[in-house]
């Protein structure tokens, strides 16, 4: 009796068609986005060269014309756009104007790991804590404490984030001195380091990913086990093995001291991001749970004699997970945009800062690359969210094919 | 039409005694179940009939202790195999759910969790209640046989609820209700949302299963015809009270409560005797502030002054037929209809 | 059935293994990809430890060797000196790289006295005509070496010039190396007659020959070409040879480039820190004494004493025995000003290099630390209101004078912008003492509000302006009531005027100032409104089409006041790409400017600048408003050769090679 | 109670023929629904808290012009832009070497501070010194003054008006567009729908903050420009999608068919039937849009990218650029403004949630 496959994804062609259709839509959307971004950036008064050279009265005017020519800015706008687009889609992101002549790809390669590091950890905590909190909040509806938690949650959710971040720096970094105030590494630790910070962060990210994936998937798989005892055992085992493996990996790692330095610097921004972000997840989860809890199948589950925790986790929460996971995917897609403030406040030199600086300095190649990057992330995010929705909600699978 | 079922004379497996349940709301207490009693013997089928809002679904939920959060029991007991469920702690209640009393829900679509496979949802109940626990294979085999019993292709167990038609879902619900060999199944409007032909199939299926497995079923429906078709005994509820109870044949053919009388008069019957159809006028009372005396008196064509002040008891009128009406003797035979 | 029951297990195991592998590979892939693409990190973070250079016996006594830790709030963007001087000319790159170049002549801190560096002669030779051209031959000293021991010679000077010229490097190179127009590939026929450098050649190892296409004055020669940065040919030559174009060349790394300034660039972690290490310095041990009158007394490491810029007289302003004393200069990039202050107060850094100066609000926190010292110095720059003199009514001198009269700079500096702004009347600030014309007084200086109103009315009336309703000072309300209405010149009314000023988010000082100017103008009946505008928009507008009315911006200026010419000479009109944004046209001024450009004697140039400043003060194309003080904070175990001077310590990159620690 | 749907076959519905004019019935119904909704809203404490805070800020914003008009405040001192308290506060102070030694900060002063401010004196000297701004709160300036000597409370009040103006304008633009777009897209479907929905996708793709930064680089980006820009982004973006789905659920209701059968033209059906029924949900989104707009403005001002005269975000920005940010001693420069943004944005959000529980049938628990 092995396998009655009702999974729509295995049926092939309708889904294939759907993916192709979506892909074409995505490409068109991206082209429009790309062109609009270029136009908008181009339309900003002044340009990068003027900003750099205009205010030095000792410069002959030729210096500016020459600099413009070297960046191809002497050509008519349409030609510039055509040349840039052609290069862009053949993989050449060009060179930065404000940091001429550094390649844009090099700047991005330098910044990206840092943003990924910061936000992957922050998102992990946000969603873990937010989802659990939302679950309990919905379960406690109209009970004591709900209003207080909701108001606290909303306050964190709508708090003026830059200000809140600064207040946290003031409290934890300045007054209490528990954590560094800013930056991502300390010079003294890294002097003569045999390795770059990005390298260490890449290793940190993947080790974290591996552990999270291991624990998450094992726990998920354990929920399919029949006996509660064995289930608990496997779950605990997963944590022990996962965390133990993580510890072992780093305890024996030559880069431990560097990783520690990065980790210490991560504490405050991640905590603040978590505090601000988890509330949003909590509220989504709560709303979604409240809707789910009105469904008949929750009554069915109770009638079956399932414990409240099982009803909550396996039935109500499992279904309420849909919008939450969608929002996670979309949150990943907006990381760079969100990074602008976080990175400015905590002095974390990532993609967000690069984006901000490039727009302010009218460094169009860098800005456009960063824009395109966020645009592609957003497109893929929406696409992934749809697919994920289909995976998590079997009802959608059929409709998305048809 | 009669149902040939051995009705055992043993002590009832379920005995509902004088249950009073209120909903606490902003506007005051809603008296949803007022002093309701009935009992159920092993292998027996019992029907509860009444308009929407009369308390029959509240009663069904109360039997599983699934009443809404704002419900409170003001009295009575629900004795299952000698134990009062109202006195049990939540864990004890849970252990009885499904293993002793299971339920076929109304609106079968929503009763299934859309994100789990049907088989898994059935297995979940079995894992919880069947001891020793079945192995994976054994569970699947059991589900397969249950599916066959209710007339479903066993392969369907690995599908999601939305891939089932309405009738199939209802069959699957029945399979799930049977999965832990309960003593009692509560069928709450089991066929309401289905088309007539499927309705009939499902009812036949249920009857057959009850016959084969010898379990007790409580049918709950607003459709008195359905109740008449499948039950041994029935009760008629009105505004949270049991107004008439007795053997189904007796009540169906010879209703003695004016409400039951009017209800039957307003329902065309294919299977029953020909009769004149009479409309049931007015609306059920507001249970926040139920009328004094007999709750039916504002709508009752046989109303007397006594009805307006004194509450009639549910009194035996012979043959296990009991009626809560001061003037039950004025109620004419069904075939005559209501004279204007 | 079995299979499906086990499925998740296998899946999990597979994924876990994959993830672990990915983690392991993640490291190694980035390893291999980083290496070839990124020479910088490879060589700089590699194993060539700075200790090897430290043990070199030519470095100064390491008894008081210490790390000079500096906070900066913006990251460095390049480690290539050529790129830095082209368009990556941020002050931060300057802090990091500025010290590594050699120069034939240089200006000595803090008096800005012109003194020889590589050259033998105390003052730059004037040279002589050679046909149409002008040839100057400069003898170089034998002895100065790069940090790697190679001699600094005439070939390096010529190489630097040729690289800029041949590769077509641009940006700020062109302000140090004024190429003759014929050779400038980007210039068309205009301005071909302007004087510029034709060639720089090494006649022999220690003789440089500069050829101009005409006689150069002070701006072009002594304060121009004679001071251009010189780069080591033996290091950069091969890189130039292998670079196809300027872009490739400027993208190359400058790591390991020998320096002529006591420190070499060692390593950099983007966004975090950068380091310089002490290196053998040919001038180590030399003593420089600067006197009050600007004269410099220089004693070379081998004890030969010379003096430049006049005979030493008066107090000693600064006395400096060149190090380097620090073993390392470590720059920490902090996220912002607040973080820099924290680094300072918590002892993580010794000094904070910031072109913005320490803001007044930080003083509380800095002064809470007993071991921090704060100094204040005048800034070399000014903020000003500019009129578009091409347009009515700004074209009318009386109008401009009346506006200038109404602007009460003392009130603004003392009452509104307390302590953060210093009132200023000339484009050359008093702190630039040699070039500052102290006799100039702003229009209506020292008058009260009431007197200013009266004076402005008189100025306007005298020039033929009339009102429908004449403004008057109401002594009861201490305000102008009624305000002027219907101001006209010969019947011509004034349309709505706008003063563009940066918003409070960019510069609160100028934003506030603009609002007061709006008020004062309206008192007179001038329909002026202040419009907060983005900095880039103002720049584009005022250097582009000439449809603006007034704006407020600022200039950061050098010490040598050739900018006065650039800002107001009629040929420099911004409509034609110059810097004369007001469109100021004044024949008398133009004549003085032409004379200034040809001047070869400092005293002559000084008098010319004085006269030009007087014209500006009377004709007011600019109303110079204020300047800001530069506050700097440092740990008091540091000792600098001087702490008082225009622009502060940061003007000299934090005196890297001379700073000592008392520890 | 038994909430399950049961056919109404057992009930009889009596139809009353109204004898009052239709508008009075409508008004009556509206009033009734308002009353019952208000009751529901009142019970929801969360929403009530939000509403109270909103009203408090509204009062704060309205108070400022009144204070000026009644002469309680002199514009020369309290104007948020050029106001400047030129009164002189003199204190006699002894010069010490380090503030750590200072016992009484009003009578002693660090010599290094004086040097930094351009006065050269010796330790031990006694000087008459003017107290410089920012001044801590006193009875003239309830929340103190900023480094330029203008009143923080006055700025806060001005900021409240700016926030309300911006927030509400942005929200109404958002909702006006979103309601129209959503209804039109839902009603007409087809390519109209596709066009608007793809456009919405495009806007959802945008990195909003980055786009706002680009927009603000256009130099003369005023507050109301920002409001309309935010309104357009929201109105054609996410909110339109939500309202479209609401409109879709209204579109299939029988009365729409009835109207169509009765010969109503499309436009009339959209404006008279569809939009009014989408309105309640629209109003909910007004609340959420206000929150978004206020936060966006504050962030942009905080980054110093908006060229405006005064706002809460700008107050923080100015504090930061003047160096008073992480200084607990001058808390009045940073706490009121930050708190105000948080409170007002939060209040609109809370009020929105309160309304959500009334309007959104899926969340009603009764």
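As written, the chain order gives the labels A, B, C and D, with residue 1 at the start of each chain.
FYI, contacts are C-beta pairs under 8 Å (C-beta built on N, C-alpha and C of every residue); 3 or more make two chains touch, one makes a residue touch a chain.
On a predicted model such as this, the values are computed, not experimentally measured, just so you know.
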**Fill in**
Greatest centre-to-centre gap (Cα means) from subunit C is with chain B
**Complete:** With centres defined as CA means, the chain nearest the overall centre is A
**Asked** What pair of chains has the most C-beta pairs in contact?
**Response** A-C
**Approximate Å spacing (C-alpha centroids) for the pair subunit B, subunit D** = 54
**Message:** Need the CA-centroid distance for the pair subunit A / subunit C, whole Å please.
**Reply:** 40
**Item:** Computed distance of Cα centres, subunit D from subunit A, in Å
**Value:** 27
**Fill in**
Expected list for subunit B, residues touching two or more other chains, is 107, 136-137, 140
**Fill in**
Touching at least 2 other chains, the residues of subunit D are 217-219, 303, 305, 325-326
**Request:** Specify, in ascending order, the residues of subunit A that touch 2 or more different other chains.
**Result:** 1, 3, 44-45, 174, 344, 362
**Prompt:** So in the complex, which bits of subunit C are touching subunit A?
**Reply:** 1-5, 8-9, 11-12, 15-16, 19-20, 22-23, 26-27, 30-31, 34, 37-38, 41, 45-47, 49-50, 75, 77-78, 83, 86-89, 168, 170-172, 174-175, 178, 184-187, 246-248, 250-251, 269-273, 275, 330, 332-336, 338-339, 342, 534, 536-537, 539-541, 543, 555-558, 562-563, 566-567, 577-579
**Prompt:** Where on subunit D is subunit C touching in the complex?
**Reply:** 81-82, 84, 86, 97-100, 110, 112-113, 115-118, 132-133, 147-149, 216-221, 301, 303-310, 314, 317-327, 329-330
**Complete:** Interface with subunit D, subunit A side, in the complex: residues 25, 29, 32-33, 36, 40-41, 43-45, 141-142, 147, 150-151, 154-155, 157-164, 166-167, 169-170, 174-175, 287, 290-291, 294, 334, 336-338, 340-341, 344, 355-356, 359-360, 362, 367, 370-371, 374-375, 378-379, 382
**Fill in**
Contacts from subunit A onto subunit B in the complex sit at residues 1, 3-6, 226-227, 295-297, 299-308, 314-315, 318-319, 322, 392-395, 398
**Request:** Would you tell me which residues of subunit A are touching subunit C in their complex?
**Result:** 1-3, 44-46, 49-67, 69-70, 95, 98-103, 106, 110-111, 114, 173-174, 181-185, 187, 190-199, 202-203, 205-207, 209-210, 213-214, 217-218, 220-221, 224, 245, 249, 344-349, 362
